[in-house]
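Presented sequentially are two complexes of subunit A, the first with subunit B as partner and the second with subunit C.
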Partner chain A sequence: MSTALAERVSAASGPQAPSRAGRPGGAARRRRLAPQWFLAPALLFYAIVVLYPSVAGGYYAFTDWAGGAEANFIGLDNFREMLDDQAAVASLRNTLLIAVSLTVVQSGLGLLLALALNSAIRARNLLRTLFFAPMMMPPVIVGLLWQYIYTPGGPLDTALGALGLGGLIQSWLGSSDIALWSIIASVIWHHVGMSMVIFLAGLQGIPWELYEAAALDGAGKLRQFLSVTWPLLGQAITIATALTMTSSLKLFDQVFVMTGGGPGVSTQTLSLIMYREAFVYGEYGYGSAIALVLTMIVAFIVFLQMSITRRGEVDA
Partner chain B sequence: MSATATRIATSAVTATAAPRRRRFRHGYGRPLLEVAMIPITIAYLFPLYIMVSMSFKTTSEIASSTVAPPQSLFLGNYETAWVSAGLGRAMLNSLLITAVSITIAVLIGAMAAFAIVRGNRRTSTWKLMLFLLGLMIPGQLGMVPLYILMRDAGLLQTHASLIIFYVGSLMPMTVFLYTGFLKTQSPTYEEAAKIDGAGWWKAFFHVVFPLLRPVTGTVIIVNTINTWNDFLTPLLYLAGTENRTLPVAVFSFQGEFASEWGLIFAGMMIAALPVLIVYFFLQRHVIQGFAGGLKG
Partner chain C sequence: MLASSRRRVAVLTVAALSTGFLAACSDSNAQETNEPAPAPASSAELGGTLTIATSSDIGPKLFIDDFTAETGVDVKGTYAEAGALGEQIRIQVTSGTAPDLFRSAPGYAAPSSVLNLAEEGALMDLSDQPWAEFVPESFAPLQQLDDKTYAFPTYGQAMLAFYNKAVFEEVGVEPPTTWPEFIEVMDQLKAAGKTPIALGLADAYIMQFLPFALSSTLVNGQTPDFYDRLNAGETSFVESEGWRKTLELFLGLIEDGYTTPNPLGMPGDPAMQSVGSGEAAIVVMPSAASPVLAGFMEGGADQMGSFAIPATDDASETFVAFTPDYLVVNADAENADAALAFLDYISAPERTAEWAAEMGAIPALTNAEPIDNPLNQTVQPFLDEGRTAPFANHAWPGGQVAAALMEVGQQAVEGSKTIDDVLAAMDAAYQEAMK
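What follows is the complex of A and B.
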């Protein structure tokens, strides 16, 4: 924006300036503290990598483009095809199942861990560090690690046998009934530290005096949790569940490494079949349609979660 | 704060008693909880133990037991992974791509935040919203067009393709963190610099950027970990080339060295250790960065 234009803009909004209490002319001066072209490099990279490709991808979702010169607009055909595609339907179901169960279980365990490690127990700082540590590992490495742990006769089976729980041994990744849950368990192991840390930050933001007062009023531990902790954790619960839900909807690395979607279609996810359709089969249009469905679900969940959890929140 | 909470808070002020606090904190539940945490922690650390112990085991040790600790500190797996399997080169690729991407992202992200927060105030919310939109859009939506763009530009299989990708995709989080912080700072210093006749660059480098230092730490930590650990995009752009990053290289071990698990685990350790070591030194900053980064 040119200086002349900037001045015209600031002059046009002049009447607002006096409202900036005790700082006559402050608003006009502040407006000129940074040049607009400072935004340009960031916007350029962001537009090339995120904005343009996302818009283009949204368009390709309605075409039959398969990498050649021609991309014909075919309306909703790709989405109709998804309904008849057994792998696509299974991946939609699995993706939602993963997102819901990961969010519930991981947030629940994360909250329990945070409550335990927010108390005055010994080694709590060391335990916090340890439980957050897997978050630092590349997801693909965690996938390889758990793939090995789950191998028949591998570490998990050996450990269960040694504990006298041999009866629980399963074909962890080989059975289409169990494989999805095995993957979910490994992702919880990987990410539970993140939920824990968000809840710990939330718990530490609750004034200690509230518990003291509640205790004086005769409230037991459970009553204190329900009347003080839970309502004041609203913000942390929103953040932790929204983050877990959106990231687990996009789950790719661990599934790609551990099962590749199998056995059959029992662990297919939307991001997995999107990758396969687009980059293995070259079905760019169909792949983009799957990506658009994923985008709509993520957007829907974000809005749903915001409106639901915000309502129950207490402004702390 | 709700009415109940306020009432509780008020009664707390009138009834604080130090000895009570101590008794409350060290309640009878504590030893029980400590005992309960022991098996939970052991179970949680079991996968990490497997990863470390496997990387030091010989093939015959692995064959006899997958759980038993290694007999000696056998380093052969690391040697093979580093030298013959080319992880040294992959490590250099990862370091180069991460360092260049983060440096550019920090610089232009801070500039953008400066322009958004201290620029035209009427449009600042819209500019910020435009960047925040990127936090919601899954990368999958733009994956095909971006791949085609990189291919047509002749950038596939080069470091540059990934650096461009990371700088662009890190912008939403980076701009979000920087604007959130800059909004809480008074513009006094920048105004003073302006009055003293400092140009845009001078004001930015000598006043604004130093001011942003606390949040720059968070930006570097969060972005570095996400970039270093990324897998899908480097797989798409760099798989099968000399330029591949550590996670891609280690993933390809699985196919190249079918069941040589000792070697694969040494590779996994090499890929995971750099970040883990930094984490154990800077743990408080890292944890605060992740927790605080989200709250903004």
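What follows is the complex of A and C.
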């Protein structure tokens, strides 16, 4: 900057602020701290209802606390017990299967629906509402509804019979081979609207000019999707898959209502056995250990998944 | 970098929520209490608020208004399904916020069961209460610890076969009294195109009902000391002929097509409704659920009959699974006087009978006025002859054994496990619960 220009800028800036050297600390620091004092009540509340229970829960995972006054520190015993617990191992397998299946299928269906309903079809608003409507229902109600639909001789069997597809009729919730998939289908029906809305928001944020430019370059619909839509949907994909992954790793309500984890242990999830150990058997220490493991799994998988999906994000 | 750190913190925080709620119920203020509760206070000394939590408002609401008018005590009730209530009570006891008077399951079956809570000093000793002498002796193992009584039996419920009378009349069969007669009835119902037994095993707890009914005869009736010996480590479920026979008969009914097809896929309510509609004939369940079944029947309770399920060739060997429902007093009750007074109030013979009748149950105290209803007529002969036994799970040391029966039992129904597997799983769960 030239000396003349510096002088003009200085003149345009008006009176100089007093030098900080003349007022060490004082008002400036107080101004900086003031907003943080306003945060204090919320932070205190958060610490009491979230942080303290979480840390205490972590501690109880290393104890034999059974609900009474005593909680003895037992090191890693709860975690060793978990490795020998067939129900815990089966529930971990089921939980991971649910999470992967739901993330892939629900996100895929949500994207397809969003692409279809982002077009100019006349009934798009009605269809968006219809596909999103199940999201407004509580999971327990959805569980009861689908339990009824899957009842032997119930609506699903009747519909299949009427369509001449009677050979497809199964014991939807009564077979160890099928029950988990029946639950996954009901969860997809419940949540696909959420994925659809996230992808719709992403699609509507993509500038139309990019498609016009791609079309002028001779790109067909598939090339436009691969080269324009997919890269620019990166943020929506990150959000949709992260939300689906976290909610499916913690899936509880629908399983609890529809099968209770059965037949046998075929639909047990980590959330379900955590609940059972803690609140049905009163083994709060062991239940806390399962919760801690679930927490670690959720944190690790979601961190991994977000790291991968965020790499593909492109700003419009 | 900063954004990335924030994301990590956010992910960890969201994930941490799944552990948080388990710890929110720590800290216990339950204290040892060895002093028996005082006699109920007179009305003049009472007042304040009495907090009650039970699994149904049907019984309490009969008397709350009159009790309040007579004593000036304001009664605040909380009502929830028994399982959920038990879980809630367990947490409240631990955190010192349990109501003054609450429902508790018999024995040790759940963390909130009478004897588990009594062992940790969370319940008031009720041995000196005026009604204690009228508690049936057979209930002692379910509510006494060191010869002290810790629970008030509000009513008893029996595990029975409930049937649609119209279906029985249509097919021309009578309630059976022996196992061969039972199978004969099954055959006739099946031949008439009816589902003999409605079975909804998609709700896992229903897995317990038929085995409990059969084991009362085959285990408690045939080997009365089985659970004492099991507890002493002298025998096991695998070694029990009674339990093996129980599961053979139960699984045999399914294999022979006497139950709802694909019972593992059928929830409990639709199964019960199928009896109400006449599509099926019989459902086995605790008597406390009978008002629900009556509601599904066109003719209401008049169309519903009941009988004890036989398990042998000799009718005189049949036992009925019969177990009490309890109210207990919190050792740290804020208004213990009112709690004791309320129990004293409802223990009057006519009130005990009224409570039980309203619940579709059987009065539990021995001085209760008899109820002349069909259900009582089914159960009373067994009570008179001492041929009753508690529901099997009430003799077990925790919920794990029942869970093993339900989980591995479902797999046995499906065919992927054997009876030996079920019994071995019950043994393992018993050992686990005894730790």
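Criterion: the second predicted complex is superposed on the first by the 276 of 316 C-alpha atoms of A that agree within 3 Å, B and C clash if a C-alpha of one lies under 4 Å from a C-alpha of the other, contacts with A are read in each partner's own complex, and residues count from 1 in each chain.
Here is the rule we use: a residue touches a chain if its C-beta (ideal position, glycine included) is under 8 Å from a C-beta of that chain, and two chains touch if they have at least 3 such contacts.
Just so it is clear, the model here is predicted, and its values are computed rather than measured.
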Here subunit A is shared; do subunit B and subunit C fit on it together or clash?
clash
Contacts for A:Ser175 in the overlay, against subunit B (first) and subunit C (second): which applies, first, second, both or neither?
second
May I ask you to decide whether A:Pro152 touches subunit B, subunit C, both, or neither, giving the answer as first, second, both or neither?
second
Should A:Met136 be classified as contacting the first partner (subunit B), the second (subunit C), both, or neither?
first
Quick one: subunit B or subunit C, who's touching more of subunit A?
B
On the A-aligned overlay, A:Gly264 touches which partner chain: subunit B = first, subunit C = second, or both, or neither?
second
Give one of first, second, both or neither to describe whether A:Phe279 is in contact with subunit B, with subunit C, with both, or with none.
both
Once the shared chain is lined up, is A:Phe73 touching subunit B (first), subunit C (second), both, or neither of them?
neither
Counting only touches as set out at the top, which of subunit B and subunit C does A:Ala87 meet: first, second, both, neither?
second
Taking the two structures together, which residues of subunit A meet both subunit B and subunit C?
49-50, 52-54, 56-58, 60, 148, 151, 154, 246, 250, 271, 274, 278-279, 284, 287-288, 291-292, 294-295, 298-299, 302
Taking the complex as given, what residues does subunit C use to touch subunit A?
7-8, 11-26, 28, 30, 83, 87, 90-91, 93-94, 110-112, 116, 120, 201-205, 260-267, 270, 398-400, 403, 406-408, 410-411, 413-414, 416-417, 433
What part of subunit B is in contact with subunit A in the complex they form?
1-2, 4-5, 8-9, 11-13, 15-16, 20-21, 24-26, 29-30, 33-34, 36-37, 41, 44-48, 50-51, 54, 65-67, 104, 108-109, 111-112, 114-122, 127, 131, 134, 136-149, 164-165, 167-169, 171-172, 174-175, 187, 190-191, 194, 200, 203-204, 225, 228-232, 236, 246-247, 250-251, 254, 261, 264-265, 268, 271-272, 275-276, 279-280, 283, 286-287, 290-292, 294-295
Across the complex, what residues on subunit A touch subunit B?
1, 6, 9, 13, 27, 29-39, 41-43, 45-54, 56-58, 60, 116, 119-122, 127-141, 144-146, 148-149, 151, 153-155, 158-159, 162, 189, 194, 197-198, 200-201, 207-217, 221, 227-228, 231-232, 235, 239, 243, 246, 249-250, 252-253, 256-257, 270-271, 274-275, 278-279, 284, 287-288, 290-292, 294-295, 298-299, 302, 314-316
Which bits of subunit A are touching subunit C when the two form their complex?
49-50, 52-61, 65-69, 71, 87, 147-148, 150-152, 154, 171-176, 246, 250, 258-265, 271, 274, 276, 278-282, 284, 287-288, 291-292, 294-296, 298-299, 302-303, 306
